[in-house]
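As written, the chains take the letters A, B, C and D, and residue 1 is the first residue of each chain.
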């Protein structure tokens, strides 16, 4: 069921920092929860783009020597959520192409609504597609634009697309960030040692000790270049439409998303639940990890005692071998186990999140 | 500093079950927190011992085909805590030897006090040692015993050793479990489909849906064989000396250890702390995961509000590449991040465990 | 120095055989000497293209389960010679794209002369390039063709390109093979159980027990489809220009290339050498493996005794660690060692090939 | 059928050289053909033994960092031939033990006839065995010896064993080489930069540019120590019994074995065959690689023309996936392919070695 949430990727960018690739690596490390299928970083030394991508976790993909290949003071990176299909490696981002605008790399968090339709038109007029990712459509539209600057070409391309997109582009000279007019997905701006940084969630800023500045606004295009940063509103204001799952499920509780603390949002949801659905019970128990803050909120509001009564096995690998004999709810049991002594004979409120 | 806690291994055994190796695999899966350096299973089909060991996590070591190599209805297994040194692979358990008692395998949780001294004597009289593990001493003493039965040989061997040991032996016909006279380390007996099972912690029973029966008593030897199980007290009663770290730090909170719920022990520690060291504060925050139950206990006792204010990054790999520029407390920061919105301006009680 | 010989790849195709992917795998196995950097197979079940590519050797890339993913009765494959550069994985073939002609896969052996120039024009008019391979240009030209059939589109595309190409295309319904007008690179047609097969060298037919039929002619396009095979001459006859390195160095001596036995060609070269450059010597020794047939020819012609006086280490891995102290000609020495007893005091003719 | 030739291992030693571990690594590289299952090196810095072993090929096992772990100026190494069984990793050599003689490492090429019997006696009197290798018996007998020096202990131990053994021992101060009284297996002494080196075959000396000195004599014990080298005859002279397979099949043709060139031995075998079994034929073709020298000898003696008519696929991996449809002699065909043009209509003498 989760497989449809392809919006759940992480994007990161840094401009003009001596340790650009390493900063990007740490940023992706902090955004790992937004995608574990693949990850990649592309950097530039103003002459070339350097790319390293791989399947799996950030910590497994990037070695010292791969980071050293990522030369230059500017870099962007991406973590990708698991999707089915044999072409997974081809869909790894950042996408890198060579086109009329020169070399160009792209990270995309979000889903385009009219991607298939536009792709059909592009194929008809001679484009070739090498992945099944809707993000490739964006690059084709940019490549075909007759606009003189990359910013204008991006703006023209995006004017033909609808849907959710928090984008970070990389050229030899610039990093360009864009958020769709409704702001479905988060994108934040921060500062590290005087260099601008971009990230899906603020927890990435915390790890690298960057200072949070503000959100990239819905419909805003930010250009990071040698002269500083430049903002442009590329689409008229629309009613914002922030994705509720970011607060409920996707984001880390220590992040600020859409200008609010995720932890506090979840806690508030728990308080509301306690008001709307009051129950008589002995203890409130969360399904870790996303249910924890909500359960605490429920406990505070209802006065029912909070207990951490479900223990998570932190060593569950990506695969496990099932027994032949039936074990009820084996898939759950290998990940979670109740504290029997705690819940025996108790009336328990179990708080989970609709994921 | 943690490297000294070599006691922190997990042991498991099952006798006479159609899916013995798979049950052992799941048992080790649940005991993974007691050791991530190496793991192994040895099984018997009454004719031979079959052994599969490897470095790393249980889920990575055991494939379908390696489990199929582990033929037979009886098996024992071990997870080993990280220790330094080049000979790590040689120290992986279960140890398997051929000796006067036939083929013999051993899993050991604990540390022997007089191992070096006994080892010196054994070498003097012609024994050769192939590992740096103190467990190898036990096997040499058994091999040299003139006793007619394996149980008597084990008893004679252990009478020459002092220290902590929860042991599980495997022969072609039997599984033999022994706990040292003071009961430093835990060892439990359960039942699955009529077959006896043994495990360091009861959380292993929960996963395989075995029924918890009782602890193996301090100084008790249990023989699991075709005729059932047989108990023998092999050393006079001594004042029990349960290792406090089992409840404070090692064991999973959903386990029963030394007959008590680990979660409840930790919660009680938090309550005591609140009584002994009352403070004025706004919120109580645990250092996850071992501090959670204690912080809840502290909160209940003190009335100070509980918050899950430190978020753990679940994707921290075994290695990460540090930035060259200094980031304060980087090692901690990559694992834990505070929820800034929650603790800003607050007086915080941070509850952790002395690990 | 060898890095420039990018022509040295292997291509293979099979149409309408129950074991298509397995046949392609074996074909590539036999063509492994034409490229060890990467290999890939794309198959079709008439509804979809299925692709599996990887870095390294055929035997390491393709597992039972990856072959099973390659569904359908038609498949093409490629082995790629080592080239420098970070984007090696992106350059692995077969290339697979989606375009106006539907899904299309391509294997290419050869080098295009005007690829960079055409690529520049394509980028100017809106194409994006994802690899540094000149083969990608071919696909763009096909995608932009307004021709109604894939054959016509390929013909139109190739009319704009000059250089060396032995190509095998795969669509949902067809396999299409084309050889450039001068026939620089080899391409052969054979039959296996009534199904047509294509391969760079006939040694691939030997392994799968296919019957050799004929060369694909210079300038010929062969369509393999449900109705049989269809030939079309797509370019006017030109003076043939077979690459001499195929016989001297690239191909296996057990192959027929350009209608001649490679072994016999090399032997003839040795005979000519003996005639043109007669010497007084005691023994003729080849540098294995490519010098063997020539040395035998030299021996037969000159009457000087043939000896296999240089022994090759068959276990030289892709990397080896050099000693710090200098060893003269270490790089050669680790691969080849003379039989000292044989050459001591002898006048030796050493026969090698200009690679 | 080859699985029984367990004698086919390679041993190497170097004493007092600044690059000891690297020299040992190169020596094993040259001896790789004597065993591809596992390999290992143990070095000493006079205080400790350092050990690195692994499954597979020398080039894959030893990385720069593993060689750096092998500290000190003295080292011994081993390559092991493939044997069946689950305990392959445990049987990897050099064996390393701690015993009454201190730390001790052993490399063994050969098979002991009475190993099982002695092992039974040792177990009865209290020894434990951790491998299925007969080499472990040697270490137990040394550990039990009451002799004051390691040399005397080794001599006493070997006096109880019969069979084939070329042994290299390593202690903190010495390297000790022993060859059995009949000299079944080869063992050679050479010199590199003033340091003594030992190897199964002289091709190992060629690679490191060591000078060949002489064979270790049957029944001789050589001690390499700070003061130089010391020889001792530890068993009375016996009629020599060199294993014929060393010259026929095991050894590399560029090695001197038992004081003779392997290449010349094989060539002589071919000459004898031509004399004993004269035939009428058009060409002589070897089954590569072991049949090459014999076929050349046959050709020289008989006057029948030599041709290299069977081509070996150098890229055959350890595994390959067979087709489902039957291909006759598939196992052979994937490794060897005839040059059809050469043998068509010819009477062929095929020369192979009885392996």
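The definition used in the following text is that a contact is a pair of C-beta atoms (placed from the backbone, for glycine too) under 8 Å apart; a residue touches a chain by one contact, two chains touch by 3 or more.
For reference, the UniProt names are A, B, C, D = Amidophosphoribosyltransferase.
Remember, predicted model here, so these are calculated numbers, not experimental data.
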Neighbouring chains common to chain C and chain D, by label: none
Least step count from chain B to chain C, where 1 means the two chains touch: 2
Of all other chains, the one whose Cα centre sits farthest from chain C: B
Approximate Å spacing (C-alpha centroids) for the pair chain A, chain D: 57
Chain centre separation (chain A, chain B; CA means) in Å: 38
Mean-CA-position distance for chain C and chain A (Å): 43
Sequence positions of chain D contacting 2 or more other chains: none
All chain pairs that touch each other: A-B, A-C, B-D, C-D
Residue ranges of chain D in contact with chain B within the complex: 50-52, 69, 86-87, 89, 95-100, 123-130, 139-140, 143-144
Residues on chain C engaged by chain D in the complex (per definition of touch): 18-19, 22-23, 25-26, 29-30, 32-33, 36, 57-60, 62-64, 67, 193, 203, 206-209, 252-254, 256, 261, 263-264, 289, 292-293, 296, 299-300, 305-309, 311, 313-321, 323-325, 327-328, 333-334, 337-342
